[in-house]
Structures are given as C-alpha cells and as structure tokens.
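Dropping the structure in here first, questions after.
Labels run A, B, C and D following the written order; every chain starts at residue 1.
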Amino acid sequence: MEVLDIRVVLAPGISLLCALLVFVLGRHDGWRATFTLGAALIKLVLILTLLPGSLEGVVYVYRAFDFPPGIGIAFRVDGLGMFFALVSSTLWVLTTIYAIGYMRDQHDRVRFFGFFALCVSTTVGIAFAANLLTLLLFYELLTICTYPLVIHDETPAALKAGRKYLAYTLAGGALILLGTVLVQHLAGSLAFGTGGLLAGAAGQPLLPLAFVALVAGFGVKACLMPLHGWLPTAMVAPTPVSALLHAVAVVKAGVFGLLRVIYDVFGVELLAGLGYTSWLAALAAFTILAASFAALAQVNFKRRLAWSTISQLSYIVLGAALLTPFAALAAIVHIANQAFAKITMFFVAGAVERTTGRTELRELTGLGHVMPWTMTAFTIAALSFVGVPLFAGFVTKWYLSLGGLQAGAWWVVLLMLASALLNAAYWLPVVYRAWFQPPRGLEPGVREAPLLLLAPALVSAAYVLLLGVSTRVPGMPFSLAEAAVRFVSGIGAAP
Amino acid sequence: MEHLLPLAAALPLVAAALLPAVAWRRPDAAWGWAVAVGAGLLGIVGLLLRRLLQDGPFSYAVGGWAPPWGIELRFDALSAFSLGIALVGVAVLVFSGRYAQAAVPPQRRAWYYSLLLVNLGGLVGFACAADLFNLFVCMELVSVSSYALVAAGGGRIAALAAFKYLVAGAVSSLLVLFAVGILHALTGSLNMADVALRLADVEARGPVLLALGALTAGFMVKAALFPLHLWLPDAHASAPSPVSAVLSALVVKLGVLGLARVLPLFAGLDWLVLAPLHEGLAWLGAIAIVAGALAALLQEDLKLMLAYSTVSNIGYIVLGLGLATPLAMTGGLVHVFYHALIKATLFLAAGAIIHQAGFRTLRDLRGVGRAMPWTGVALSLGVLAIVGLPPTAGFLGKWYLLLGALEAGRPGFAVALLAGALLIFVYYLRILNAFYFRAPLREQILAVREAPLSMLLPVMALALLCLLGGLFGSGPVALAALAAARLAGGG
Amino acid sequence: MDGGWQHLDYFAFVALFCIGLYVVLAKSNLVKKLLGLNIMETSVFAFIVTSGMVDGGTAPVVGPGIDAPFASPLPHALILTGIVVAVSITALALALIVEIKRQCGTIEADELKGAE
Amino acid sequence: MRRLLTALALAIVGAVMLAGLAGLPRPGDPAAPVHTHVAAHIVAHGVEDTGSRNLVTAVLLAYRAYDTFGEVVVIFAALAAVMVVLAPAAAPPPGKTAPPPSPAPAVAPSPVVGFVIRLLAPFIAAFAALVLWHGEALPGGGFQAGVILGALLVLLSVVMGRGLEQPLVPAAAARWLQAAGPLAFAAAMLIGLAGAGAVLGLPAEPAWGRHAVLLLLELGIGLGGAAIILGLYLQMRGH
C-alpha cells in the first residue's frame, strides 16, 4: 500500500534547514547548538511517527521534482529505507551531543556543524530515495558534504586524506552514474519497489557491465576490498566525523546502496540465475578476514577501528550476496548492530583522547580504574564485535550462519567462527589491560570524561545491549528488519 | 505580436548605435541605457518563447517579402537559446556597471557597452535566422564585436589575443561565406528550407561535399572545437571578465548552433551519408572533453582554467551532435543552454573575485572564499553545476548524453565522457580547495571585501538559475528534444 | 562535369584563395597577414560575383531600351555586404596592429611570441 | 621547412576546392539555378514590387533590407571597435611613456594640394549627392555615396589640419550622424509596420511613399557611412 505523505521530504528537509540556519546564524554557540540539537530531535520524532505504518507494511511516497523529466527526484519509505533512516537519525542525536562537547574551542565550527547537518540530510535522502537516480544524487551530495569535514584540520595530512577520499568516492560516483544510465537504458525505468528492475533484461550483453559498475561504485563507500583504501587514511578527521563516516552516513550509504542494487535493481531471482553474487560473496568473505588481520597489526586506536569497520561492513555485503531470507535479515540488522557498536567505540576513542591525550591502544592500559564508565561502554562494544551472545553482534552472526546454511554455503559458519576469534584477538587483550592492569604514566588530575562526551557513549552502549536481547520485542529495530525482509520481494517471509 | 521577431535583434542593434550619442553628455547614462535595452530584449524573448510554447515554431517574412524572395526569420526550438542569450546578456550588462569602471578606460566605456549590445543583437539574430546569408551577417555582427571586446580592457596580451582571434575568426567566416556562395550557385536560393528542398535535386556531388566541408570547418573554428581551439584560451582569459562570460557562454555556441542549423540542409540527399562526419565529430568531441580538461588541469590562472573548461564543454555538445541519436542530441542541445548559464556564472564570479582581490592565480587567491562568502557560494554552485553533479543544471546534459551514447550502442563514449567529467571535477576541486581550505599566501586577501551589490546580484541570480534550472529543467529539455527530433529526422 | 574545363574563372578564385591563405599562415608580419586575409576575402567575393554573371548580360538596372539578360542582382547585393564586413574587419585589425605596435614595439609574430 | 609544408597543404586544399567546384554550373550559363530561381523572380517583379529600377538596390533595400540593416550595424561596430581598441587608456601602462597627444602630420600638405581640394570639394559633394539620389535608377547608392563623402571629409581634414580636438563635424553631432544608418533603418521598420503591415515593408500608399523610404535609407547609409569613415580617420590619425 502506497501513501502520499509530506513527512517523507520533511525528514531530510529539516536537516537541510538546520544547515542553512547554522550557516547564516551559526556564529553564536548557543544558537548553533539549539538548531543542531533541535533539528536532530525533531527529525527523530518525525521518523518515529512513520514507524508504526512502516511496520504494518505501508509505503510512504512523495515526488519532489521532475528532474530529469520523466524520472524525477522522488522519495519512498519502505522497510529497508525506514530501518536505515531510523538508525542514522538516532545516531545523529547522539553524535550531535557528542560533537558539541568535542568541538568546543575548535576552529570553523560554523562550517563544521553546517556540513554535519547537510550530511545527515543527504543520508536520510539516500534512505528514502525512491529511484536509483535520487539515490545517486544524495550519494554524490554526501560525498561533497563530507569533504569539508574530512579536511577540517586543514593540515597537509588532512588535505591529502581529503584528496584520496574524493578520488575514491568520486570515481565510485562516476561508476554508479554509468550503472544508472545502463539500468535506465536496459530497463527504461529507475524506480525501486518492483522487486527487480532488470528482471526483464536477462541475457542483455550490457548486464554484467551494469552489475560491475554499480557494485564497484557502491563498493567504494562500502569499503569492499580492494576499494577500501580511503577509509584508514580518512582517520585524520576529528572523531565525530570519523563516527559519522564509519557508523552513520558514508559507509552505511555504500552498503545500503549495495542492498538496493541487489534487492531492487537486479532482484534476487535474476541474480540467482546469473550467479554474479557468488563472486561478490567470495570477495566479502575475503574482506572480512583480510581486514581483521590488518586490524590486528594496528597499534593506533582509531586505525584499528578503521580496519575493523572494513571487516564488519563486509558482513552486510556477504549477507546480501547470499540471497537467502536469513542472510538478508542479518545484513539489514547488522546495519544497526555495527553502527551502534562502532559509534560507541569512536565515542570512547574521542573521549579518551580529549581527556588524556592518548591515541594508542597500549596507552589504554589501566584506564578502567580512572574512567570506569567510558571503559564499560568500550567493553560492551568489544564484546558485541566478538559476537558474545546477548550482545548485538551475536544476532548478526547467528542469522548470517543460518542464511549461509540456507544457501548451502556451510563455509559461512566457519567464516563466522574465524571472524569471532580474530575479533576476540584484537579487542579482548585491550579490555583485559584496561581493567586488570594498573594505570601507568597518567597525570594525577585525570578523571572520567566530561558528561557531553560520556553520555552518548553510554547510551549507544546500552543500545548495543538492547539490540542483542530484544529480538522478540515488537517495535524494536529487529522487527522492522523482519518487516523489511518480508517486503524484499522474491525472498519470501522470514520465520 | 508576431512583429516582435525581427525587432528582437533590431532593438539591441539600434540601441547600440544610439548609445554613444546618448551617453555623449552624460557618460553615466551608458550603463542604464544598456541595462534597460537588455531588459527589453529579455522581455521580447520571453514573449516569443511563450508563443513558441503555445503555438509551436513560427516564421516572419521581413518586409512582407515571402520566402524565398525575401528574408525569413524563424523562431523554433533551436532559437529558444535566445533565452540564454538574453539572461546572460542582462546579467553581464548589470555586472559591467561596476566592473567596467575599473577595467575599461573611461573614454572607451560607451563604445564597450555599444559593442556588447551589438554582440547580443547579433546573437539573437543568429538564433532566429532562417536565411543563409542572414545567418552570415549576424555571425559577422557577433564576430566583429567580439574581436574588439577582447581588447577593450587594454593590455598587450589582450591585443595580441584579439588579433589572433580575429584572424582565426575571419578565415572561418570566409569559409562559411564560401559555402553559402556554393549553395547559392547550386540552388539559386538562400532560404534554408528552400535550399534544403532544392539541394535534394542537385546531381553534382563535388560542390555539395565542398560546401559541407567548408561549413563544418568554419563552424568548428567558431565553436573552438579541438584541435581548432588554439585561439580561444588567450582571448577568453585576457578579455574583461564580463566579456569572457559572453564569449564563453554565448559566442562559441554560435559554431554549434550554426552546425545544427546547416547540417539538416544536407539530410535530403540520398547519396550523401553523413555517418562518417558524425563519427568524426563524436571522436573530436570526446577528445576535446579529455584534452580540454587535461589542459585546464595544468593552469594556474583562474580565467585560463575556465577558458579551457569551455573547450572541454564544447566537446560534450559536439559529442552529442556527433552521436546523432535523439537522446544524445537532446543532451548536447540542453547543454548549449545550461553551459551558457553555468559558464557565465563562473566567469562573472571569477571576475568579481579578481576585481575585489586584485589577483588572478589560484596561489595568490588562496583563502579568498572566506573573505567573499556570497560570491564564493555562487562560484561553488557554478562549480558543482559545471561538474554535472545532480540536481544542478549541468547534470541534465550529461545524463542525456550518456543515455544517448548507449542508445547509439557506443558505451565506450559513455565511459570517455565519465572519465572527462572526473578530470573536470579534479580541476574544479583545486579552485574550491584554494579558495576555502588553504591558508592565504597573501595577507591582502584577508582584507578583501565582498563584491558590491550590482556585481553580486547578477552572479547570485545566475548561480540560482544553475541550481533551479536543473530542478525545473523539463521545459528546456522538452525544447531540446524537439530540436533534436527535427535534427535526427532530417530537418 | 559537362565536358572538361569551362571553369577557368573558378581556377583564378582558387589560386587567389590559396595565395591569401598561404600569406596568412606563413608570414610573420601582422600587416602581411592582414593583407593575406584581404586577398582571401577578395577571392571569395570574386567567386560569388562570378557565379552570378550571365553570358552577354548587363548590370541589373532595368530601364527603357535595356532588356538583355541581366546578371543576377542577388550576388551583387551579397557582395556589397561582404565588402562592408571585410572593410570593417580590416579597420579593426589595423587598429589592433597599431595597439600591438604601441604596447609591444613590434608587429612580427615571431618576435611577439618571444616577448610574451 | 614549415613554409614548404604549408605550401604543400595548401596545394592539397586548392586541388580539393578545384575538384569540388568543377561540378558547379558553368559561370554565365543562363540556365543555371542562380538565374532561374530567386533572381528570375526579382528581375521579373523587382521594379513593380519596389519601384527601384536598379535591381541591386531593390535587393539591398527591399527584399534583403534586413541584411543591409545588419551590414550598417557592422560598419558602426567597426567604428565602435576601433574606438574601444584605440581610445586612450586612462593611465599609461607602467614603464611606458604616454604616447604624445595627437602629433601634427609629419609633412604639411602643400598649399597647391590644399587649394585644389578646397576647389574640388563642392563638386565632389555634388557627385556624392548624385550617386545617392540616383541609387534607385543607376549603379550607385548610399554606400557608394557615403564612401565618396567620407573621402571628401577625410581629405578636407587632412588639408585643414583638423584632428580629434577640432574636428570638421562637432563631436556631439558626429555621434548622431554615425548612428544615422541604423536610425534610418529603425525609422523604416516603424514606417513599414505602420504603412505596410510588416517590419521593413514598403508602404503602398501614398505613391511616393516607397521612394521616400528608399531615399531615407540611402540617406542614412550615406551620411552614416561618411561620418563613420571620418571618425575612423580621426581616431587612427592620433597614432
């Protein structure tokens, strides 16, 4: 059932308005904080009001502009889009609070918060895009809006990272444009919601090119190896930006785009016949393992997080590539699981850096004694990554394994085990040293992180726990993901 | 009402001749006069366009002499480019008010406005011409005024560039005139529709081919299509910025529009296969996209970068004409219009920045974006548009060109186009980086003030059009599709 | 191609055109380039006027006692316009050369290239 | 070497042009399309349509008057172009000395020449008027008359030593005269609109109307042309 609803454009519109207000009136700290936080909250509420309908299977649509003629910029809220929008707007509230605390006394705060709001606006645009072109539009805008954030420090290293970031993502955008044009050419339409735009185009010689272009294009932001090179470099950005890149917006936009390509553009049935996805699954599996090994080798907190992100994202890609209902459920749910766990980690990394000036992992030793709350949040996130039951990460691993078995790919189970071990290998020692070894070389006055930095970390850590235990609670993200899977046509109902 | 068609071109031309006399006692009146005429032109073009959208293309027999005996003017989908001419014209004239005070010596100023009006009138006449010789006369109006305007600001580089431009332009005009002579000798007519009709019965192949070759070569020079672009960068970069805007946005389009006008003349010939010509144009266009972008990448001077970007963008348009499918030509023609708006935005914004800051290389201009926030926003919008980022106006042309390349079964051209677009992005990124994210090299930059309102207003208006033109772009696209259908259908 | 060469007039035109183009391309002196351009222009005008002539014709001025075949009046009118355009361009080019001479002290293209 | 290559390339261009032109109708062939189509119509109906016995004038000022309008503006643009290029810049470029203001002619014209030209002046002017007046009936017309008149003015300026600072025609009047051509056409456009129902049409009523319009155009072209030629001379004289 499709319902015309203005809230669909209001949601990205509010962040856009917020950005404009920040740019024009944002010189005053108080006003700026009010705008940013207010917009974040209003948007969250707005999206929550859409939630009940979404759970019942209502699809909200809105057509904004006829650009280009006949295709149009249009919005459409289905289960998958709702899920992504909900995750990103929840996290935006947390990140905003955190950023207000973190960016105190930094330069160019107007620019920072302006583009910050723009990023979130475009992210919701991506989530609500009703066709491939709208998706591409917001995807490109996201690239542009994150650039000033990545190079916020304006140091040579930051500028270099920015260049690398743009080179990767713009090339990816160009590939997506190519893919979009190919889809329009082959299918004559770009609108989502038909369960496979290209279903009628089987056997066309340009079909493989379209698949490669779209997957490679979105794969850049999804950090699919070997397209992942920009992410570790982009770690020079301020921590809230890293959080935004890793959890809320950029990388999630990449995997979200991949999900759209697989479920809405090509469709499960067509892909099952074509067999391209087995290659994609293999690539994802390779990325999971290789990135984990790379993470083991890192000694810097944020760099290890970057490699961990690359590894985690490929869970989602793998889930989508397996083309089975359980795997799809795992893929969608992991958007939230990874987001909350990872953003907790970043909040902790930033809090530690701001409070103690420490950025290396071995310097975390003993911090549990000084900053117990911060390290509690860290521990919860780490356990989730390892995949301990009752934590969010476990849900993903469980359903991904089930999905693998459904697809007859038993190696997925082994892969999950191996990944859990690797995660344990690079997170648990840090947890151990933080709690069970005495602090070293700390200046005497160091205490717990300030509330503005600590609270978001604790809230998101709590959410990680909640996600892990609430899979049977109606109205929680998991049920939404189930609803989404039901609507991904061709996959059938989840149990 | 229908009499407005001949008056559209006549208004600026007569006003141009009167301007020095009017401004003789009161030099300040020149600007007001020119702006008023520009506004009048915009109004007339608006009325013509409304009629076009209501009733379709319409003709006017000047003096009541029925074609082919007399001169016919025709306002069709291709002529709708007049809107671009009028919009850019008004913006440039308004912008010139403050700019010319600094850049054009006082004794030249009235003549400068006069030449600008001649240029605009010639352009509108060219867009509406349905007669080969009338086309030539309008082209010469534009050319003579353009050569001189390049040198209006003074300076040795400008004078040299103007001379170079003059020689290249005059030779290309001669080629066109030569072809007109041949066609007249073959058919005894000058009216384009009539020539096309009578050419179909001509048996001699040699002269037809020669005329086609001369027209193509002549208009290629006018359009600065690679490798015949050598006159362009210096001329566009050394002219006063408003003039650069007119040259880059409008005058080079003369060549493209001319090609689009004359190629259908030859479509009725059974024995003549235009495919090789189209193939050649497509390749030249693709090469121009990449070569222009690469050359722009090497420039340090802001206006030279923009000038080379014009070479690259002409490549887009010609590629569209060369692919010769309805979608591709729609893309090319839509880009004719939108590139005019975008490039005018960029040149005027660059002009405002150079005017305020007094520097013109990227190094010297570092950090200027913070000092001139509004101009900076306009420039950024223009940059995003020229790069072809959705939903700006620049995306539409790219989109239809890509679809057209696939429609023609040439995905290779689509890939080349995307590669070119990426290169373009890289060099525009250099501009944004320098203006916003690098520490200033010159301390004077910190004291630079925002441009005065008379400069800011036209720049902002154009920038807004670059954005809204994309979102509400169905009108231009529909017109371009109409023109493309006529082109593809053989005129 | 009816029976060999009846187009000697056009031969002269082509020769003039090529001479003019050669001067434009090969000569370094800007005034000479301009002269070359003028030669080219003249050649094209000659071509168009030639195409309008008629065997045994007179100037197209109608009057009592004049009714032979008339040369086509159209090319004459066109060429009058063409000449005016050419004169205008020549005037402008001369002005530019004067300006170049004043600014750079030379009007040789070779030396100007070095001076840039 | 470069010249050789240029010559070679041009030889090819020439050969291509010759090969192409060989297919044209023979020059002078009365059956060629040049004579049988539009020209034939003009020869047959020109006098009746326009009232001008000189068919070239009929084409210039009636059938293709719109082109001629453009042409007149091109002449004006040439003047504007020369002014824009040569009018003195406010500040001389640094490192260069300002050009000397309007140097006197290097060689003063001999008194004999001056006397002869002054003597001839009325006759030349009368001749110009004749050429202009008879433009409708004889070879001649506004452009030719304008050139003659312009040449006269230039000659007089030379022998009388009149430069920019003391022109023969006062500067304010010259500005209006230089616009005479386009102005005449603008007037003809309006007259045509009112009298013939078409821009640049020739009014059918009264009987002398179309002669008057043609004369107006000739006059505008002639005076404007002369004024522009004088203006060009004066501007270039300074250098």
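Things to note:
Note that a contact is a pair of C-beta atoms (placed from the backbone, for glycine too) under 8 Å apart; a residue touches a chain by one contact, two chains touch by 3 or more.
The shown structure was predicted, so the numbers you read here are calculated from the model rather than taken from an experiment.
The most central chain, judged by C-alpha centres against the centre of all protein C-alpha atoms, is B. When the C-beta contacts at B-C and at C-D are tallied, the pair with the greater total is C-D.
Centre-to-centre spacing of chain B and chain C amounts to 28 Å, using the average Cα coordinate of each chain. Distance between chain centres (mean CA atoms), chain A to chain C: 70 Å.
A straight line joining the Cα centres of chain A and chain D is 73 Å long.
Inter-chain spacing, taken between the CA centroids of chain C and chain D, is 16 Å. Each of the following residues of chain B touches two or more other chains: 133, 137, 140, 144, 147-148, 151, 155, 159, 162, 184-185, 190, 204, 206.
In chain C, the positions touching at least two other chains are 1, 21, 51, 74-75, 81, 85, 88-89, 92, 96, 99, 103.
Among the residues of chain D, those touching two or more other chains are numbered 17, 21-24, 32, 34-35, 38-39, 42, 64, 67, 70-71, 74, 77-78, 81-82, 85, 93.
Per the contact rule defined earlier, chains pair up in contact as A-B, B-C, B-D, C-D. For chain C in complex with chain B, the touching residues are 1, 21, 24, 30, 33, 37, 40-41, 44, 47-48, 51, 74-75, 78, 81-82, 85, 88-89, 92-93, 96-97, 99-100, 103-104, 112, 115-116. The part of chain A that touches chain B in the complex is made up of residues 65-69, 73, 133, 136-137, 140-141, 144, 148, 151, 154, 159, 162, 166, 170-171, 174-175, 177-178, 181-182, 184-185, 206, 209. Across the complex, chain D meets chain B through its residues 16-17, 19-25, 32-39, 41-42, 49, 62-67, 69-71, 73-74, 76-78, 80-85, 87-90, 93, 171-172, 175-176, 178-179, 181-183, 185-186, 189, 192-193, 196-202. Every residue of chain B that touches chain A in the complex is listed here, in rising order: 384, 389-391, 395-396, 398-400, 402-403, 406-407, 411, 414-415, 418-419, 421-422, 425, 429, 433, 436-439, 470-474, 477-478. Touching chain D in their complex are the following residues of chain C: 1-2, 5-7, 9-11, 13-15, 17-18, 21-22, 25-26, 50-55, 57, 59-63, 69-70, 72-77, 80-81, 84-85, 87-89, 91-92, 94-96, 98-99, 102-103.
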